[in-house]
Amino acid sequence: MSISARIVKRFRGFALDVDFESESKALGILGASGSGKTLILKSIAGLVTPDEGRIAIGERVIYDSAAHVDVKPQRRGVGYFFQSYALFPHMTVQENIGIAVNPADDDDRSQSEIVSCLTERYQLAGLEHRYPANLSGGQQQRVALARIFASRPEAVLLDEPFSALDSYLRGNMQDELLRAMEDYQGQFILVTHSCDEAALICDTIITISGGKITSRGGVDKAFDVCGGCRALGKGSTRPSSEANDCFMRP
Amino acid sequence: MEWAPVIISLKTASVSILITFAIGTWLAYLVCRIRKDSVRSTIDAILTLPLVLPPTVAGFLLLYIFGSYRPLGELLGEIGVRIVFNWQATVIAAVVISFPLMYRSAKAAFVQVDPIFMQAARTIGLSERRIVFRILLPLAAPGLASGGILAFSRGLGEFGATALIAGNIPGVTRTMPLAIYSAVVGGRTEEAYRYVVILILVSFIFVWLLSFLTDRRTTRQRSGERTPRL
Amino acid sequence: MKRNHLLIIVFAFIIALASFAGCSSGGGEAATEEPAATEEPAATEEQAAPEEEAPAVSGAVMIAAAASLENAFEGDLKPLFNAQYPDVTVTGTYDSSGKLQEQIEGGLEADIFFSAALKQMDALVEGGFIDAAAVTDLLLNEVVLITSPQSETKVTSFDNITEAKSIAIGDPASVPAGQYAQEVLTTLGVWDKVESTASMGTNVTEVLNWVAEGSAEVGIVYATDAASMPDDVKVLAIASPETMQTPVVYPVAELIRVTEENKAATDAFVEFIKSPEAMSVFESYGFKPYEG
C-alpha cells in the first residue's frame, strides 16, 4: 500500500510545498525544527487543513482541494502519536485504551477482551487502573501506542516520539516502537530531527528544509545529507515478536 | 420566624441553577467553536452584558420584553402564560442575572483544556459528541463546578431585577433579599438579621462543598502530568 | 521627577479643598435678621417673586420630605423660594416617610421633616427629635385605586378589588400609603384576602411602576402619585373618608437640631411652605389644604 501526499500551505513566513509517495513500511521525515515537518504530519492526520493539495492512503483519497474532499480526522484511519503522548489525564490506562476501541461488526471480541489483550501485549499488566500521572515515561509511551493501535488505523504518524527523552530511556523506547511496528500491518511515518533515529527505524528517508523536500532515498542517501551518522542497517536491532493480533479470534 | 422567604429563595436558586448551568455551558461551548474573531467577540460581549449592568436595568429590559402590555407579554398571556409577579418570574430574574457568571466560567474552563486532547481524541476516531461528553466536559469540570457555585450564589442573592418583574409578594415571590430589605425598611431589624445569617450559612456550605470536591479531582489529575500547560 | 509628582498632588489637594469650602458655605456675611413681614408674598398675588429682595438670609437647609412631595418641591417650590431667598441653598431628600424617620433617627442632618403620615412625625416627636409645638398639619391627600390605561380590569372600586389578578400596595410596615390601603381594605373586609396575594412595594414609586407596566393589575397610591403619571395610570376610584380611620395628613415641622446660624434660613423656608403661595402649588399637584 502506498501513502501519497501533495501539500501546499503558507506557514510562518514560508510556504510548505511537498510532494511524495511512499510504499515503505516506515518513512522518515527528517529536518530541523521549524522546517515544516510536523505540519506535514498534521495535514495527513487532518488536524490541519492545507491550502491546496491531495493526500491519499492506498486507494482512499482523504484530502483533495481540487475535488473539495476533506475527510474528518475521525474517519481518516490515521493514528497520531503525540510527542507528549496526550493521554487523557482523567482516565485510567484501561479507559484510555478502551475508549479508542470500536469493535467492528465482524469481530466477536468484546471491548474488554480487546483491551486486556492490548494491555498484555504492551506490558501494561497490573497498571490498568492507574492514571497517567502515576506512570513512568516508558509506561506512558506504551499506553499511547496501545491506544493508537486500539483504534486500528491504516497508517500511524509519529511526531518526534523520542525528542524529549534522555538517551538512557531512548534506547528502550526505540525498541518498543520497533516491536510495535513489527506486529502491525500498516505503514508508519516518523518525523524527527535526529539522524540516528531516522536511520534506526526507517526504510526510506525524506529530508525537509524551509518547507521543501531536499532529498529522498534510502538510509544511505540520508547519511550523505546528515554526514557522519552511525551506519545502522535495517533489521539489525529489531527484535522479533509473535504476530498476535488482538482483534481477531485466536 | 417566617420561613417562606428561605424556602422561596432556595427553590428559586435551585431551579435557576439547573437552567443557567445548562444554557451557560452550552452557549460557552458554541461560542468557543466560532471561528471568526469579530463575530465571536460580539456575541461574547452581548452574553456578558448582564454582568456589568445594574440588575435593575436587566429587570427593566425583562419587563420591556415580557411585561403584560408588551407584545410578547400579551402573546404569552393569550396562551395563559404569565411571567410577571409570580414565582416563575423570580426564576427568570435569577437566570438572567447569574447567566453571565456561568457562561464566562464555562468559557474559561473550556479554554484551559489543552486542545491536544481533542486532537488526540479525533485521531483515535471519537465523534465530536463523544469528545464533548467524555473528554471536554470532564476536563473542564472543576471550572464548570466553580462557575456553578458562583451562579447559584448570585441567583440566591438576586434583588433588583426580582423586585421589578416578580414583585414583593410575601409567601409567593418575596425571596430572602427582598425580605431583608422590607424588614429593614419596616423597622424589623431582628427579622432581617435572621435572614442575613441564613443566607451567609447557606452560601458558605455550598462554596465549601464544591471547593472540596473540585480540589480532590484536581490533585488526582494534575500531579506530575506531562502534557504542556499554556 | 518625584518632586514634580508631589507638587501635582499638593496642587490637586488644594483645589479639592477649595471646592469643598466653596460648596458648604451659603455666602459671606451671615446677616441674620428676623424675617420681616415684607418677605411674605401678598396673599392675593398668584405670581411668583415679589419685586423687593428679602434681607440677606443665608444658609443651607435640608428638608426630608415624603416621596410624594418631591415633584412639588423640586419642580416649583424650590425655584419660587430661591427667587426670594437666593442665598439659601435648599437640599431635598425624598423617600418613604418610614425610611426618612429611620435615617433621621440614625443621624441624618435634616432641618425640616415633611411626612406623609402622622405616625412618623409622632415617632420623631417622641424620640425627642422634634418639638410637638413645632408641628403643623398642613396638607391632605386622598387614597386612590389605580390601574393602567391599557388594562381591561373588571375592578371598579375598592369593593371589588379582589377581582384583580394581581395587586400592588405599599408595605404597610414602612409606607404610609400602604398603611392607608390597609385601613381602607380592612374597613371593607377584604384585607386578609388582599394581604396574602399583594405585592408590597417599599416605596410608592415602586407601586406606581408596577401598575404602569401592568405587572400589577391594580394598585393603591395617593391622588398625588396618580397625578404625577397622568399618562401611565388612571384612577378607578377614590377612597371615601368613611373607610379611613384617619385622614391622610401631611405634617411639617422643623427639627430641634437646627443650629443658631441656620435658624433664620430654616424658619424662612418653613414660613414659605406654609404660605398661600406654596399652598396653590401643592393644590396644583393634587393635594388639598388640611382644615382641622
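For reference, chains read A, B and C in written order, and residue numbers begin at 1 within each chain.
In the analysis below, contacts are C-beta pairs under 8 Å (C-beta built on N, C-alpha and C of every residue); 3 or more make two chains touch, one makes a residue touch a chain.
Computed from a predicted model, the values in this text were never measured in an experiment.
*Asks:* Hop distance check: subunit A to subunit C, minimum number of steps through touching chains?
*Replies:* 2
*Asks:* Mean of the CA atoms for each chain, then the mean for all of them together: which chain is nearest?
*Replies:* B
*Asks:* Of all the other chains, whose mean CA position lies farthest from subunit C?
*Replies:* Relative to subunit C, the chain whose C-alpha centre sits farthest away is A.
*Asks:* How many angstrom lie between the centres of subunit A and subunit C, each centre taken as the mean Cα position?
*Replies:* Chain centres of subunit A and subunit C, defined by C-alpha means, are spaced 82 Å apart.
*Asks:* If you average the Cα atoms of subunit B and of subunit C to get two centres, how far apart are those centres in Å?
*Replies:* The computed centroid separation for subunit B versus subunit C comes out at 40 Å.
*Asks:* From the mean C-alpha coordinate of subunit A to that of subunit B, what's the distance rounded to whole Å?
*Replies:* Distance between chain centres, rounded to whole Å: 44 Å.
*Asks:* Of all residues in subunit B, which touch subunit A in the complex?
*Replies:* By the definition above, subunit B touches subunit A via 116-117, 119-128, 130, 134-135, 138-139, 217, 220-228.
*Asks:* Would you mind writing out the residues of subunit A in touch with subunit B in their complex?
*Replies:* Per the touch definition, subunit A meets subunit B at residues 45-47, 72-75, 78-80, 82, 84-90, 99-100, 102, 131-134, 137, 140, 147-148, 150-151, 153.
*Asks:* Along subunit C, where are the residues that touch subunit B in the complex?
*Replies:* Residue positions touching the partner: 96, 98-99, 102, 148, 150-151, 166, 168, 171, 173-174, 196-202, 206, 209-210, 213-216.
*Asks:* Could you list, by residue number, the parts of subunit B that touch subunit C in their complex?
*Replies:* 63, 67-69, 73, 84-85, 163-165, 167-174, 181-182, 185-188
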